[in-house]
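Lettered A, B, C and D in written order, each chain numbered from 1.
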Amino acid sequence: MMFGLAALAIVVAAIMVLYRGIKGPRVYDRLLAINSMGTKTVILIALIGYMYERPHFLDIALVYALINFIGTIAFLKYRETGRLD
Amino acid sequence: MSFILTFILMLIFWVLLSGHFGLILVVSAVIFSLLVAYLSHDLLLGGVGLSSLIIKSVRFIAYLPWLFWEILLANFEVIYITLHPGMKIDPEVIEFDPALKTDVGITILANSITLTPGTVTIEAGKKSGFKVHSLTKGADLTEMVTKVKWIEGEE
Amino acid sequence: MDIGTIICGVLLFIGCFFILVASVGVLRFPDFFTRIHPAGKTDTLGQACVLIGLIFYEGFDFISLKLLIIVVFLLVVNPTATYALANAAFISGVKPWKKGDKRQ
Amino acid sequence: MNEHVIVQTISKILIPFIQLYALYVLAHGELGPGGGFQAGAIFGASIVLYVLAFGMKSAKLRFKSKVFDFLTSAGVFIFATVGVLCMIAGGAFLQYSSLPLPTKKLASGIGIYGIEIGVFITVTAVLVTIFFETAEQDDD
């Protein structure tokens, strides 16, 4: 119950951020929205793991946080230099 | 030196993550920690002496409670500004040079600034100095710079 | 209802409040550099609050240690990503908003 | 990111922990989510992070392309060796329970662990090779 309400609040927050991601106006606003939604997803995965009493979900949350970070850095680097290395 | 320290750190991290102590798992813990220490020992602790490492870690941990208190205060400020109907903001970009010597010091300062009152680091480096974007005029960062300098230490 | 569950509920409420306010901030602020303030720090604190609430619910064992690792990881990684974003925007020539300018 | 100090320092701190986490996922494939493929992807991600933070030149000095070419086939070799060992011991290909070990449970545990390590090595090597090739395609 408690976890369900918290998850709902985070989904609402993610939808609000998604609006910023659609509207822009700059690519950096969109990237900010994507990064922010990614970290919210980490919390959401942890909460869902507790809702269904499956703590193994935490491993997935940690991996998602990691991939989110690397993805943001990679995209920024590509924006700036036009290449990945 | 850094090899052994990395090995011990990795072993501790494995135990924190795992929580299972079967024979196969313990053997693989030791082998994998050795592997990671071999691959990355110069990344985590490259060229740092043991005594200075301990001193700096203790100082860093002593710095954390103050930082968390500042983060809490900072967030109430941001929440107040966000929910105020008049949106009372007056942003400015501050430039200063904290004269920090180490990369780790710069990183700690930049991330602390990002997490605390109405300020976000937008540029940080040894040569270029710091550029900080502040939500309201008159942000004061001298206390934080002093504390980070203390973590870096004089030796 | 034991004490851990109550503390967990309170922390979940505070954390969700922070996260919601951060999202409102991302919508309301006038330009990129001001938007990054709520996204960079209020969000981080809200997430830390939610996860620490889960630690109180769990009690102290290996699973709560894993939660603690996620909290530390987020506290290290989020400001770094925020810095990288702000720095990239600044270098590419996005001008910071001044008082009296038009909303973007 | 003209001065990469912060991203570089954070990467230096994170990379060893990411690598150990990948190996943890590899070793706990039976107990939780995970296994060879996921572990290989995470380990590959740590090397991708290194390339992003420090650039390709420094990465090429640290992780030789030739080593990854070797590892790609070494992983498959480990996988096949475990399978063939099962056949030599009198079972079918990859029938772990026929391995000459005290209990069947231990035999299948070690057998699965062996092929997971093989998968892990191949996946890491292939992912890193793909990333190196894509990042460098403009140089030709």
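In this text, a contact is a pair of C-beta atoms (placed from the backbone, for glycine too) under 8 Å apart; a residue touches a chain by one contact, two chains touch by 3 or more.
All values derive from a computational prediction rather than experimental measurement.
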| item | value |
| --- | --- |
| Whole-Å gap separating subunit A and subunit B, where each centre is the average of the chain's CA atoms | 22 |
| Centroid distance [mean C-alpha coordinates] between subunit D and subunit B, Å | 30 |
| Chain centre separation in whole Å, for subunit D relative to subunit C (CA means) | 33 |
| Sequence positions of subunit D contacting 2 or more other chains | 1, 6-7, 10, 13, 21 |
| Subunit B residues counted as touching two or more neighbouring chains | 17-18, 110-111, 123-124 |
| Residues of subunit C engaged with two or more neighbouring chains | 22, 24, 36, 44, 66, 69, 76-77, 80, 83-84, 87-89, 91 |
| Topology of the chain contact graph, where touching chains are joined (line, ring, star, complete, other) | other |
| All chain pairs that touch each other | A-C, A-D, B-C, B-D, C-D |
| Contact footprint of subunit C on subunit D as seen in their complex | 1-2, 6-7, 10, 13-14 |
| Subunit D-touching residues of subunit B, taken from the complex the two chains share | 6, 9-10, 13-14, 17-18, 20, 24-25, 28-29, 32-33, 35-37, 39-40, 43-44, 46, 103-104, 106-107, 110-111, 123-128 |
| Touch list for subunit D against partner subunit A, complex | 1, 7, 18, 21, 25, 32-34, 38, 42, 45, 48-49, 51-53, 55-56, 59, 131, 134-136, 138 |
| Residues of subunit A that touch subunit D when the two form their complex | 56, 59-60, 62-63, 66-67, 70, 73-74, 76-77, 80, 83-85 |
| Contact footprint of subunit A on subunit C as seen in their complex | 5, 8-9, 12, 15-16, 19-20, 22-24, 26-27, 32, 35-36, 39, 43-44, 47, 50-51, 54, 57-58, 63, 66-67, 69-70, 73-74, 77-78, 80-81, 84-85, 88-89, 91-92, 94, 104 |
